């Protein structure tokens, strides 16, 4: 797997190759090289499975992190290919033509984060939500408590405790794990 | 609807969300010609609870009551995966006994879930007897869960650094007694399900998944094993105490509904044997939970990882990102049903007989809560 | 005999038959529950359900034919039952049987289902037409072995009167058509499985495929009328089979025992089998049952 | 099933009182089904064809008693697992806790069922279907709220997609608390529901039709009619 990571660095200018476990590596790529790198991994290396595709919202940096987890099912190895895209003009290349199930991942990400994948089918097709009028809910700046207070009224009389203080005064400062 | 019937050759049929043939709460919009489906689409989202959003608002220890609700029949895999991911990032070593107890809990939950789905497989074809038996057998395991963790369905038993409490005295004997009771009934189940002429007629050669879809779509679990491909996360990505247990991957040929049911039947026996092995080899003394900082103010260093485990339905994975604060930055659940239930099912719908649809759905073991989380 | 008295007796007999059918259903639910390891509902549960459905209200309108569906079904059941002698020799329980009533019975056996299909098709729910098409296909399939069996019996007795057929079977047990003509009996009892719509032949109201099929939209008092019609239809079929194959009955107790046995045949088969697909069930009925029926006819012809 | 006497007044006190908390709550109704006014005018502005049905009057007390007695002994539950609580309906229906002993059976279609179990949290998308299914059921019908999430949101109190109070949108006859309630709790809840029906006090269905505008206003706050699913069966 080291050779493949080195290949990625030389071919696609990847950086920050590191081993999370000996069967799981992680590597960062610039936004325009990420999908070519994933394509190269699928076509020319045993990493043929798209195992997972996820997005992290780094609102402090104003960036989205898109992560493809490609897996070599026979060698039992995985590589996390990370890239950062701009949070304002959130568009990312699509891998829907490489793996059919990526359509579903990209549809959900498009709905939950508002990231656009040009060329991917079912962009803008509601997947989970129905009649959703607010901003994409999985963004960090979407305040779910405020939304709930507006839309789903609470039953009066329900108490909320801050666990830091409440568990402390109930179970002692150690917390309840050590009894 | 009447207009559609009279005007066009197709009948539009909403298979769910309110439909007894549906596992969980999802919908399939299918178009029929006669009894054959020409095209269809799956609709999910009826169970969306925004777990991943809620976990961004919870402290690490508060996340456990949430993750175990992600898959209802088999909650412990989720607990283990969250714990394992955070432990890997935080660099916590769990004691030896905790490993074995976690393995025991995972196998128990696999057994319970496997019993339920095998009974449901026969139930989708109108045979009402096996589901009744199997779910009654599943209750034995739920009793042991209740004794061990205090909860019948949701356990919140696996925590960071190990498990919440030790095995109660005499647990192994009661477990063994229950396993014997279950093994008494399994031959009858074999007679009613696998030696049943009508069941074989209905299932053999129905719902075949082509082998080239495995790498193309990232399939896993009994669907792959039913093709004769020995692919099992417990063997390929060994975790917990599985490398020290001896078991071989349950395989079947044909990749149809019957083969998948056969794989599940073999894995029931496999889980029973594994539970026996675990209870025999488990270290009797030693700590069951590592020493941990105060959970209320625990901060985990930044990191990003992906852990996987073998659920009943296939490979389940957690993608966890932390940013050094006392809350999870991002957790993304990769449920096997996410691929089996949406992409694979939609791809298999055309040409399926409407009579086989719910049987196909159960044999893919679609678990809607983990699709939409 | 005064026609009014006959009519009153007929009403009483029909009501009794409905009650008996409901009780049989209750016992069957009990037995199924025992097979599944449960305690099961009280035997009176179908009666409770019937009356509870009567006390429900309706708020939908699907047209006149929709409401007439249960009426057709009940009419078919009552008409079939009133043609068949329950206890031969008892003037009250011989109902309105006449020479050639077997032909009428053959007609009424399918009249109820056809009317039911007409009504249910009005509902507009896609489950109804799918279930109806399945039901009619299966009906035509199991009609063939059943008709062959009936032809064999008629050829044996040389009469279309059920009473004649019953009288021909009196004497020892070996005179029953069940033993006198085993092929025809096998064909007819296999067809009975399809007639009763227990699994593996419950493809019409398959709950996991097309929930409850044609009666999807029926509710409240219409469903209760359908339940009553179904129960008397079942009783009529039991009595018909008892008369045709089990040598009829000379006392009410004998009739109850025999009809019970006839019905449990289909229940015990249904307890252990999943459901056929439509074309599979058609293939089944056009296979061995038809061969048995033909063999039964041949047996009678060569025995002459 | 249980030897408890639900008519015991001490138990009535033990039950949580209806919270008089200034929260949105529909007006009260007469307790007994016989005291309900005879006929409420049908309004055609109602939603998805839910109609106010007249309650039969002029029936002697005894007939009402017999009706309620029979209704309480034949509850047909709609097999609609709306949430994770439905996992405990399977043990309830099978050999260990056999609910068919009490005449409770699962019916696959709303037209033929009397009891709707909302088993746990309701996503908004799911609530639309539940409302439609509830309105397709013939009256008298009863609704059982299962789990803490239907009472006050439970652990999903801050989730943007699940409702927090079921009784704002549908009339709940009985709540069964717990996350999730054990099958014994479900049996106790059904026992309680049977007692209520037997006494003719479980009339949430009529409550719904009497205060249709209030319920519809609450529902329209979440979703408008144009947003409902396109199929109506």
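Observations
By written order: A, B, C and D. Residues from 1 in each chain.
Everything below uses one rule, namely that a residue touches a chain if its C-beta (ideal position, glycine included) is under 8 Å from a C-beta of that chain, and two chains touch if they have at least 3 such contacts.
Since this is a predicted model, take the numbers as computed values, not measurements.
Two chain pairs, B-C and A-D, are weighed by contacting C-beta pairs, with B-C ahead.
With each centre defined as the average position of its C-alpha atoms, the distance from subunit A to subunit C rounds to 61 Å.
Inter-chain spacing, taken between the CA centroids of subunit B and subunit C, is 44 Å. Chain centres here are Cα averages; for subunit A and subunit D they lie 40 Å apart.
Separating the centre of subunit C from that of subunit D, both taken as means of CA atoms, is a distance of 38 Å. In subunit B, the positions touching at least two other chains are 1, 12, 19-20, 45, 48, 50, 53-54, 57, 132-133, 136. Among all residues of subunit C, those that touch two or more other chains are 36-38, 124-126, 207, 211. For subunit D, the set of residues that touch two or more other chains comprises 94-95, 108, 125, 158-162, 233. Touching chain pairs in this entry, ordered by label, are A-B, A-D, B-C, B-D, C-D.
On the side of subunit C, the complex with subunit B involves touching residues 32, 35-38, 124-127, 129-130, 133-134, 199-200, 202-203, 206-211, 271-278, 280.
Residue ranges on subunit D touching subunit B, taken from their complex, read 78-84, 86-88, 90-91, 94-96, 106, 108, 110, 121, 123, 125-126, 129, 133, 155-156, 158-162, 179-180, 182, 231, 233.
Every residue of subunit B that touches subunit C in the complex is listed here, in rising order: 1-2, 5, 11-13, 19-21, 32, 34-35, 122-129, 132-133, 136, 192, 196, 198-199, 201-202, 353-359. Those residues of subunit C lying in contact with subunit D across their complex are 29, 33, 36-42, 45, 48-49, 51-52, 55-60, 124-126, 207, 211-212, 215-220, 223. Those residues of subunit B that touch subunit A in the shared complex are 44-45, 48, 50, 52-54, 56-57, 59, 61-62, 88, 159, 161, 164, 214-218, 231, 236-237, 289, 291-292, 294-297, 303-306, 315, 317, 319, 321, 329-330, 332, 334, 338-339, 342-344, 347, 372.
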